[in-house]
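Report on the structure given below.
The letters A, B, C and D name the chains in turn, as written, and every chain counts its residues from 1.
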Amino acid sequence: MSIARDDALNWIKAIAVVIGENSAHLTQLDADIGDADHGVNMDRGFKAVMKKLPEISDKDIGTMFKTIGMTLISTVGGAGGPLYGTFFLQAGMKTAGKMELNLAEWTDALDAALSGVIMRGKAELGDKTMVDALTPAVATLKQSVNEGQPINKALELSAEAAKKGMEGTIPLVARKGRASYLGERSAGHQDPGATSSYLILKAASDTWKDVGT
Amino acid sequence: MKKLINKPENVVRESLEGIVYAHSDLVKVHYDPNFIVRADAPVMGKVGVLSGGGSGHEPMHGGFVGMGMLDAACPGAVFTSPTPDQMLEATKAVNGGAGVLHIVKNYTGDIMNFEMAAELARAEGIEVEAVVTDDDVAVKDSLYTAGRRGVGVTVLAEKLCGAAAEERSSLKDVAEICRKAKNLGRSMGMALTSCTVPHVGKPTFELPDDQMEIGIGIHGEPGRMRLDLKPADEIVEMLMEPIINDIPYKSGDEVLLFVNGLGGTPLVELYIIYRKAFEIAEKHGIKVVRNLIGPYITSLEMAGVSITMLKMDDEMLRLWDAPVKTPALRWGV
Amino acid sequence: MKKLINKPENVVRESLEGIVYAHSDLVKVHYDPNFIVRADAPVMGKVGVLSGGGSGHEPMHGGFVGMGMLDAACPGAVFTSPTPDQMLEATKAVNGGAGVLHIVKNYTGDIMNFEMAAELARAEGIEVEAVVTDDDVAVKDSLYTAGRRGVGVTVLAEKLCGAAAEERSSLKDVAEICRKAKNLGRSMGMALTSCTVPHVGKPTFELPDDQMEIGIGIHGEPGRMRLDLKPADEIVEMLMEPIINDIPYKSGDEVLLFVNGLGGTPLVELYIIYRKAFEIAEKHGIKVVRNLIGPYITSLEMAGVSITMLKMDDEMLRLWDAPVKTPALRWGV
Amino acid sequence: MSIARDDALNWIKAIAVVIGENSAHLTQLDADIGDADHGVNMDRGFKAVMKKLPEISDKDIGTMFKTIGMTLISTVGGAGGPLYGTFFLQAGMKTAGKMELNLAEWTDALDAALSGVIMRGKAELGDKTMVDALTPAVATLKQSVNEGQPINKALELSAEAAKKGMEGTIPLVARKGRASYLGERSAGHQDPGATSSYLILKAASDTWKDVGT
């Protein structure tokens, strides 16, 4: 089995819901070490994405992801906008023309998305950013591909890895983004971007929990 | 939350509408994407000077659009950098054929969005240069971090660059003026109170009645340290010392001294601050040859102040004194 | 009390020192008795325009001293009218032989002190006229009370009278302009928060987080009524309705619309207020031909706003547009 | 017996003390229906008066009172300055050249002082001002003169009358001064100026309690 175009569509809808539910939480995390807007910005972005869906629901996955990327870029602002925009743009390039994805293709897409984020933001692992949640998730996915794991299992593992990565940002001292201005004082707080990244991957695992091998 | 607003999501839009009603002789406003351009944009043959950033810092940047300063300003959501599509459209709207300068405050979000905008504008054949201001000495600069924040110098750079562009200097030269300001200017701020982001509805940080935040950022980012309240003169010393010692400013230097209110601080207090800042500068043999005092780069209703020093040379003095006609800064015309 | 000051008793003195350091090109400051005069005072053959009042309303009045506006300002203690000796000395210092106009805000203390000063000045052979501004419609006017308070119109009257004096109009004519402004201007304000008088150390009044004071005075005098917080647009309606209906302003009138911040209100909110005030005026067929937006007559750090409308004629428009060069108001030069 | 120049001097010193002690109280009363400065203003004024005393301690009572009036006018500001300044200026005129005052002369002086306040402020009895404390005090003094009361007794009665007048301002709706802006809302508060007037007369009674017939 594989991730069909409609599964991808449902994933996007699930993200919009979970970001909406966690908007206040993400904003509070950002208030602690940033400027209190991450949740609001992401929520504004995915509400705009929801408005766009009708136009693209019959398109291929690549077109869908690219449109979402463009929409996020023009509606989120802040650091989150270009980063998540690039994330979906890159995933879109990898999946251009595809109407369904197998685990390896999904993994390639996320890998490209992560590289895009790193290219745009120049953050390294341990800088206390979304990269700390995305990197282990992509690594686990690659491993699952080698191990021939069923998709839903692989997604579950990647979400767990993202969760660990997210929690791992708590003790870190930020070296990128607004939180870095705090220096030592940024330690002890969970990074909002890593949190939204986890929520996005968790949404994939939840949405596609019935997609087997 | 006590604010004179309607719905938080309408703050930016409605204040833009107020600007249109008030200043249609000076500026034009475009909605979706949001940007403000001077009424006579594009000025053919003139370098376009564009800046932008999150809203909540008024009058920066929209209040500085007009003859002798900015050609365009892109307001983002409150405390959130604007998006590349705003910057791209604004860049096109002010491109008079001589290229466009992007003045960018050093925040990750602003940098990334302006980078994308510049890439898109260049792809459309518009010559774009970007200069990043990063004058906040409260943040230790380092290659491994986001670096210093862009604050007060941005306002001064916008005035200087606008005057240079008005003189029909080339994009290269206008950008050079901006780099000069970036290199010769330093700032630091402090807060007595937090501010409340409209859509958040509660103060960004809690500051006890007997404490202050030294080294605050203009988005309410916590600063260097939290201390017990002190008399104004001691506070000014805490701000001036790191400012003076960073580059450093030396005896004999001629500077512009900019005492900026963060939004909730009354003018009478700013003059008390200016008094001490001036005396400290003079004590160091630094000559204050120009000044700016008032709320120009704010953080919503935050009570607090920031001090900026900019070393001036004859060219910069000429550009500073040049006529400017914007909603927030006006002289010589 | 969170303020950027040193000792409460030094607030006025130290802010005056800041003004000297900042604006010695525009003004001179005299201490004990305290007053500010334009740098070139007295201007021979020109009517001297003098105002004064308690401190804590900055930039009014000291920020308006300079070419085209005030010749002198007398700052009292915070929220306390200045004393006759200040006014007398300032009157002498700006008397260029053509007489001196005293612009007095209608408060019992200001009236009585200015009366005494005028008596003393006349005794010394100086021609003095006094005009009392009383534009605050929040207070019901009546022969049996102190009458309406002088607020926003004072700022506008100072600009118009300063311009008229600059044109070398006679004392009688300059006073006539002031009376015109007094008769054609009306104001009303509201507060979201109280202010704290430095030497008192605690808020002048308590205002719950969900309430606002409509009809507030610039000294924190309680207003007409206390209501639950409302959206900005409704608040503007509550202020505009009494302003428009007092004289009243009629369809076809041309007005200057002045949206004033009380000290702790950020500019972004003032533009949201201006937006609605403008729309209400237009809805009544009242044409807004000039505007002023910002903190010009404040109440320390009070968060709130006041709106002033002044019906303009051609003479007043000419005087408003005339060049002015003061620390707080500057154009045309 | 009579009020000697040094008794008058002691009265002024007593006023400075009592105004100092009640500065916060007077300012609070002014905060309720005015602008929270009456105590501070009066205190600033009488501190300035204390500085002046050395210059005038050898002068006659009239000169002393006039100097005090001028000092209050140039240091108090607000409504209190011109009013209390006029109060002492007028009292000074009446006592010009005198080195001591009998009860009738003291009464004439206070009567002139009160007239000066009314002339300057145009307040009538019941307007909720200092006039409401001063008027009954002067009336009682005149009565005591007719009854031939001993000075200390007369002063005690005048202070009591002032106290009643002061308390009588509580229910009143202000028609003069800043409090009048409050209209109905000014009722229920004691007038600060009436309070300072009472304190000033009470200080006379306390200072001169041993001055008999």
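Here is the rule we use: a contact is a pair of C-beta atoms (placed from the backbone, for glycine too) under 8 Å apart; a residue touches a chain by one contact, two chains touch by 3 or more.
A quick note: this is a predicted structure, and the numbers were derived from the prediction, not measured.
J.: Please find the path from chain B to chain D through touching chains that uses the fewest steps, and give that number.
T.: 2
J.: Hey, which chain ends up farthest from chain A, C-alpha centres compared?
T.: Max centre-to-centre separation from chain A belongs to D.
J.: Measuring centre to centre with CA averages, how many angstrom lie between chain A and chain B?
T.: Result: the chain centres lie 33 Å from each other.
J.: In whole angstrom, what separates the CA-based centres of chain B and chain C?
T.: 29
J.: For chain A and chain C, what's the span in angstrom between their mean Cα positions?
T.: 55
J.: Between chain A and chain D, what's the gap in Å when you average each chain's C-alpha atoms?
T.: Comparing mean C-alpha positions, chain D is 77 Å from chain A.
J.: Residues of chain C touching 2+ other chains?
T.: Expected reply: no residues.
J.: Scan chain A for residues touching two or more other chains and write them down.
T.: Answer for chain A, listing residues that touch two or more other chains: there are none.
J.: What's the contact topology between the chains, one of line, ring, star, complete, other?
T.: Per interface graph, the chains form a line.
J.: With touch defined as at the top, which chains are paired up in contact here?
T.: So, checking each combination of chains, I get A-B, B-C, C-D as the touching pairs.
J.: State the interface residues of chain C toward chain D in the complex, per the touch definition above.
T.: Answer in residue numbers: 33, 54, 76-85, 107-109, 112-113, 115-116, 138-140, 144-146, 149, 197, 199-200, 204-205, 217, 219-222.
J.: In the complex formed with chain B, which residues of chain C make contact?
T.: 2-7, 11, 14-19, 21-22, 55-56, 58-59, 63, 192-193, 209, 212, 229, 231-233, 235, 263-275, 278-279, 288, 291, 293, 295, 298, 300-301, 303-305, 327-328, 330-333
J.: Contact residues on chain A for chain B in the complex?
T.: For chain A paired with chain B, touching residues are 27, 31, 34-37, 40-41, 44, 73-83, 120-121, 174-178, 180-183, 185.
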